[in-house]
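In the two complexes that follow, chain A is the common piece, with chain B as its partner first and chain C second.
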Partner chain A sequence: MNPKRIPNQPLLKILQIPNSFWGSLFCKNIIGFFILFLSWAAFLPLSTAENTHPFRYGGKLVLTTTSDPKSFNEIIAKEVSTSEITAYLFEGLTRVNAVDLKVEPHLARSWKISPDGLTWIFHLRRDVKWFDGFQFNADDVVFTFNELIYNLNIPTSSRDIFTINGQTPKVEKIDDFTVKFTLQSKFAPFLWVMSQPILPKHKLEKTVTERKFNFTWGIDTDPREIIGTGPYKLAKYVPGQQIILERNPLYWRKSVDGDQLPYINKIIYLIVQSADVELLKFLEGSIDYYVLRGMDFSLLKPLEKNDDFTIYDMGPSSSSNFITFNLNPGINPKTNKPFVDPIKLSWFSKLEFRQAVAHVIDKQKIIEIVKNKLGYPQSSAMTEGAGFFNNTNVVQYDYDLTKAKELLQKAGFIDRNQDGILEDSQGHDIEFNLYTNADNTERVDIAAIIRHDLEKLGMKINFQPLEFNILVSKLNSTFEWEAIVLGLTGGVEPHFGRNVWASTGQLHLWYPKQTTPATSWEKRLDEIFDLGVQELDENKRKVFYDEFQAIVAEKLPLIYTVLSAKLSAVRNKFENLNPTNFGGVFHNLEEIYIKKEYR
Partner chain B sequence: MTRNTEHVSEFQLALRSFKKNRLAVCCAMILFIFYAGAIFADFLSPYSYRNEDRNYSYCPPTPVRFFDEGKWVGPYIYGQTLTFNEFYRRVYQTDTTRRFPVRLFVQGDEYKLLGLIPSRLHLVGVQEGARLYLIGADSRGRDLWSRILYGAQISLSIGLIGVLISFSIGLIVGGVAGFYGGWIDNVLMRLCEMVMMVPGFYLLLALRAAVPDDFNSVQIYFAIVVILSFIGWAGLARIIRGMCLSLREREYVLAAKSLGLSDFKIILRHILPHTVSYSIAAVMLSIPGYILGESALSLIGLGIQDPYASWGNLLSDNMSIVRIKFAPWILWPGVFIFLTVISFNIIGDTLRDCLDPMMKAERK
Partner chain C sequence: MGRYILKRLLVAIPMVLGMTLLTFILMQITPGNFLDTIRMDPQVSEETIGHYQKMYQLDKPMFQQYIHWVYNLFHLEFGYSFYFNIPVAKVIAGRLFNTFVLSLASFLFTWMIAIPLGIWAALHRNRWIDRCIQFFSFICLSLPSFLLALVFLFLASQTNFLPLGGMHGPDFENMNFFVRSMDFLKHLIIPTLALSIGSIAALQKIMRGNMLDVLSQQYILAARAKGLPEDRVIYWHALRNAINPLVTLLGYEFSGLLSGAALIEIICSWPGLGSLMLTAVRSKDIYLVMANMLMGGVLFIIGNLLADVLLAKLDPRIRYDKKH
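On to the complex of A and B.
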């Protein structure tokens, strides 16, 4: 008899009825015995004979997160706290190999592309099962695209990714395990975007027809109802406390030597209030992983040996910090006033002004003070972590206050009345507001250092850290700001930066959603992004994106500062770790197992 | 006339009994020193609050030496250079080749004493090439001691100005409500309750959110003072109103009324002075609330903004346990807040006890 098939839930319910009738101690003991027996039986099948390394199974990985997931609905998820969890549950047709950054088959076994680059045929794996045992097939893929992502009633950011020149690829089922995608124009990162997680048709079809999808799989859903194909399934979620993920015994992936993956039994996310609490928890040994900030390294590095953990340095992170000036000449339709004072706009629009600011950024000292010397200066829009597409050959601006002064002088910013503050040619004092988000203390420190040097040059700056939501509304809706220190997370695929760099982009911070490009270099950026996405030859693509990085460094719409070092401390209980810059420590989680003595 | 002289002697009596309480006198001295330090901060501090040197990030307190090879040479310090050790910990190497004497009355950063007299004179200092950190430096190499002195200007004055505003409002509202009674009393007291109903700190945050984003630092300072006073007046108004309710029945108030004095003058000259003994103690006890309120706002980044210093925003550096571990001197602002708050509280308590007999005498 296979103990897995025991219908343990109903059995317990039957036994509970007499218990509630008599409430006798004797009866409770019987139930206790049965529970004991059943739980013992349930653990038996884990070490199945077919695995070559049965002793690798079991154990748990304890992680932390500082905010609760807002939902378990992958399609409408916006926050990292949500996608961090759903990444375990759902999978896409392809995935990016975190080691060589190449796209590799995942739920799709293989694919073919037509010679004109417009038709892609994906052959799906036949051994993939949903958590509830249903077979994964082409219907699920077609459903995910046609009914969910292309459904205008569902607010999803995925739709923007698949909208290529205003049109979405046509998705058709050829047979149960073959899907055809027909594009209207060539799209270089198509395989990248095919890592879009696929959701189960049999579970969700009804919610779409009933128009309930947007409220489906919220945080109050019974964990067993959330069905994916991933290596882990949701077992329990206690808001504000913890999220428990359990090994998916039906997972399709096998290791090279035939082990049924994944090895680790449970992933536990403890929800904590702050990074300091995470640090304390790591020091007391109750969590397995901690992301280091600045000074933490000095605290943790000496403890490495005694406390049995290792600090991995994965190179520069891809989260940039930059200062940008509002170049938006638009007029607020509500108040009929310009978003930016036209006088100030004329300063910010001068290239010399932005170049002077770039020369004022003391990257070396910012790294020392804010990042505890564990950081990297940034000058290209694509960071080093982007690998192939990173262009290091761009204009560099060294910290040089005299050069900055000369540039300002050349542009007509001179202290004419000797009051210590620069004036423009019309005699207006150079004074502007500088904002940043208050919750990011490192960014506040960076802004304070830049501000100090700008004031040395004779500018008057009203520096104000704001709450993040207020800042976002200024950037997205009111457009009333003058200068901001902010960050964006970059990636490996340059085309995904299109919403920042194309003049029509939502995140084209300095002047978003332009109808026609305001400057010749913004026009060229638009061209580059349109041409780059149509070019399927990687090396030819790189030429385009190298030019884009050179333009950004020259014209300075965003003036970059520093990147932190990606440092993580991991307890020495794992085997098969292979940390990479792109994927971090646990990108190959399925293959990682826990050493016997730590289980 | 005789009554008047009696009053003075009663205050003298109270002062006498206050002087007997050594602890309270001690606290008064501490506060006197703090306020004097705040007023003359420019002169007493070796550096300006914004004088930063990024080569001295989290520099520990500079040891002041007096002897060189066993010989008295007067106070001096050595230059220091920042290095990072293998754990990326800041280690300062002392350069013993050159002595930098610590001098009194040296020329340094420019300032205006009391906001008027331009000067460059500082009480202590060393010449360029080394930096004197009496209790250590902050992350950007600014002298923490100087910043605490400058911070005192903001933190200590916020208490005084705030109390001045909120007590003026509280006394007038309480006096009017108590004197007139009836529907005026009703309206004013319900207003008080509405202010008191919202938990203080949340009211503080809500009001702070209403302050425009493009305020400069001076405007923010005044905005914070006004916000803090807005929260503080209601409690006092209620108590003053209670006292006025009984005071207005007194004979001398009736006499004043029959002499045709205006209501406002009666409240101001004949009623409110009798609440002074209570008010003085209450003022003393409520000042710490303002200081802590400002600190709390600045601590979470919504109060006084860098580069200006207040004890609260200096303390916000302590939000990270790692920083406290490697630069424990950043806890100093907390010590100053603690001493100030406890001094005000002890003085307030003592004053209340001293003034109490007088209140009893009045009730007779």
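On to the complex of A and C.
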């Protein structure tokens, strides 16, 4: 699929005609030619004259996604297939720089914070326009917060992010381009959460008063009705087939040397449900980007040169896989039976038991077998990808069966009747159920390896992969499980994991929604998360979260295994790529342009 | 006949309602609900989940939800899809045509190949051509269709002859009608082939069996004995009787026209109902599943009825109205 060189003709240079054009000219009819010509003319950038690099403009980026977006309403729908698209359309006052993970100005050009850390004043950019030409101003910001996020008739997890100790920041307009946020208590990740996308008041106000907002901007909306400020606007959505985004000619951002951004004309998402077909499409050359699974690497690496693409390794991903034991001493109110058999609960509650388990997790073997040698061992609750807040200096548990046996012996788990299965001091066989979600094949493989090693220690494991829904209802409502291999997606900002780590959280998997902390270390975790969020000095904050990671590694409520490697294959048609662990390959999409010969 | 049809249609109403009730109960009593994925997000609080529950009316008692749905049904409202946030009817409408085209293509292709092939095989019974056909039929029957689809896609990626999945090429909007139709047909080839090959093998075997059955009947012998030309014996007397049992099958096929083929659709990126329903069931998008069941049920009943009526027209031995 390598493009052949076009003979150097001046006309070609000016019009930037793609190579495929000539092919189509010769083999298709005149009408086809005419339509192609017209459509090409429509794609010419509007304002080439003032740009220093007029020849960087044009071309398209073809990507794939596995499922349809659920909505284009950024406030209501938050899952990945939706936010992948809405991220192009809407922007926040701040954004996170994907290279150094620092918060930088975006729709706000600057901000000031009062000495007590409670009042934030944001000065907005004056050159931002909505897709329909309306001026972006303070009213939009106030509207997004007061009428949408804080509106109790609208279900949105954005409200949870802005709820600090049960209260939401007060948002006021000072003048057309100044907004004041008043907090009730200090909130360290405030600038981070201000990346919350702002939506247009002039477009949505009516839907809120008519109580139709929850069903506004659904996937059946005319794309032209969806108005944002982002670098791309929605041009077309064909359910189950493709999503087309078009360059926003009014976009406010300019490159360092004054080019109107973005450079690329069109982004096309093909909806491809099967990863195998996605791979075939990448090899065929019809898509520009492919996220590698562990097993693809050995296939793709040798083809890199010939097939004109590059594989980028962006380090460990942030999706963890861990094993956890149910430590919930509660009683099921319906059946009057304990959630966990008290005998088993007493084993799981012993730290030596969990330490022994940590020592039999063979991370190297998991990486070799499950991840095709492309993975990273995980020992801290904050992954390496979290950068600044990652604490590498925590207790490590090497794969060591003798040590595990010693620990179990010390805790009274000994094979007393010589039948190959350990017993506790009362003579009960150590036997428990291990669940995981069946739809995640890698996780099932990891669980199988862990099970194999636990059986070497003399435990009897009943391993059962379950449907995801069943697993979640066990974790959230029936609480009837013993051990689970599961994963959660981590992030860069530690406070966002509060629901997992604070003893009151509903995702505090091993014993959720505690009224008072069950153990002293869980009490300390609660304190750390309360103090950490109030501390505005980053270095002092890090001390808190380092301690939290040390506690988790020591007490092992979650026993971590391995992280996948983030690997992507990208066709060699782009300039200005700067892949990072946090942002991936296309985080700086506005600045990326397509090499001339590929356009 | 009219009375008979009316009776059948009246009986169908409680049947369809009973089926939707069963579906509804099954969807509700199996563990978990649509909000489970949201529940596993560390940044979502329980109040928010409560708000979502209210918005989707999942907080009401189960039977109240069902009765509400049936009530709306009589106003031709099929409920809201949780997953897509728009009315179920709109979600399905967007996919209906795609599934219909694919099913129809594979249906036509299957029947147009399998019936003549079965007849031909029966007439050349136990000769090498018949043995060849039967041998390949066994192979095709034992190959799962999704594997076939993957093999076809792989071949397509090697030869660049056919597109790799999807319904349209990337420049779809800029094509004129003729190019557009050609493009569409090209995309239709792989999924149709993958869907049809197994069915052709099966249907061919049935047709061959029926034909052989009929050819060994006494009346065929009688027809030959009285000196009718062989063509007339086979295509007039034998074929009419051999094809009778297939008419019932045709009715079943009709109900399958809109149910889609999830695996093939997923592999070939064909935006049909099958893959949509798989997502709906897995994510517990109750009303989307219900609407699809309703549609499938109605089609099944109509298909069966059509088959019965057709049978009565074709086979003089079958009469539904008691006239003595």
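Methods note: the second predicted complex is superposed on the first by the 552 of 599 C-alpha atoms of A that agree within 3 Å, B and C clash if a C-alpha of one lies under 4 Å from a C-alpha of the other, contacts with A are read in each partner's own complex, and residues count from 1 in each chain.
As a convention for this text, a residue touches a chain if its C-beta (ideal position, glycine included) is under 8 Å from a C-beta of that chain, and two chains touch if they have at least 3 such contacts.
Everything numeric here is computed off the predicted structure, so don't read it as measured data.
K.L.:
Using the superposition on chain A, decide if chain B and chain C clash or fit.
P.N.:
fit
K.L.:
Have a look at where A:Lys301 lands relative to chain B and chain C in the superposition and call it first, second, both or neither.
P.N.:
After superposition on chain A, A:Lys301 lies in contact with chain B alone.
K.L.:
Once the structures are superposed on A, label A:Ser71 by its partner contacts, choosing first (chain B), second (chain C), both or neither.
P.N.:
second
K.L.:
In the overlay, work out which of chain B or chain C sits against more residues of chain A.
P.N.:
Touching more residues of chain A than the other partner does is C.
K.L.:
A:Leu280 contacts which: chain B (first), chain C (second), both, neither?
P.N.:
A:Leu280: touches chain B and chain C.
K.L.:
Touch check for A:Phe463: first (chain B), second (chain C), both, or neither?
P.N.:
A:Phe463 sits against chain B, while chain C stays out of touch.
K.L.:
Looking at A:Ala438 after the superposition, I want to know if it touches chain B, chain C, both of them or none. Which is it: first, second, both, neither?
P.N.:
In the superposition, A:Ala438 contacts chain B only.
K.L.:
Is A:Asn372 touching anything from chain B or chain C once the two structures are fitted on A? First, second, both or neither.
P.N.:
Once the two structures are laid over each other on A, A:Asn372 reaches chain B alone.
K.L.:
Figure out whether A:Thr163 sits in contact with chain B (first) or chain C (second), or with both, or with neither.
P.N.:
Touch status of A:Thr163: second partner only.
K.L.:
According to the stated criteria, A:Val128 is in contact with first (chain B), second (chain C), both, or neither; which is it?
P.N.:
A:Val128: touches no partner chain.
K.L.:
If you take every C-alpha pair with one atom in chain B and one in chain C, what is the shortest distance in Å after superposing?
P.N.:
Closest C-alpha pair between chain B and chain C: 7 Å.
K.L.:
Please write out, lowest number first, the residues of chain A touched by both chain B and chain C across the two complexes.
P.N.:
Residues 276, 280, 467, 470, which sit in both footprints.
K.L.:
Flag every residue of chain B that touches chain A in the complex, lowest number first.
P.N.:
Contact set of chain B toward chain A: 50, 52, 54, 57, 82, 84, 86-90, 139-140, 209, 213-217, 300-302, 305-307, 319-323, 325-326.
K.L.:
Using the touch definition up top, name the residues of chain A that touch chain B in the complex.
P.N.:
276, 279-280, 294-299, 301-302, 362, 365, 368-370, 372-374, 433, 435, 438, 441, 444-445, 448-449, 451-452, 462-467, 470
K.L.:
Name, in rising order, each residue of chain C that touches chain A in their complex.
P.N.:
My answer: residues 30-33, 36-48, 51-52, 54-55, 83-86, 90-91, 94-95, 98, 150, 153-154, 157, 160, 164-168, 170, 173-176, 179, 266-272, 275-276, 279, 282, 284.
K.L.:
So in the complex, which bits of chain A are touching chain C?
P.N.:
Interface residues on the chain A side: 28-29, 31-32, 35-36, 39, 62, 67-68, 70-71, 73, 76-79, 152, 154-157, 159-161, 163, 214-215, 218-220, 236, 238-242, 268, 270-274, 276-277, 280-281, 283-284, 286, 467-470, 472-476, 478, 488, 496-500, 505-507.
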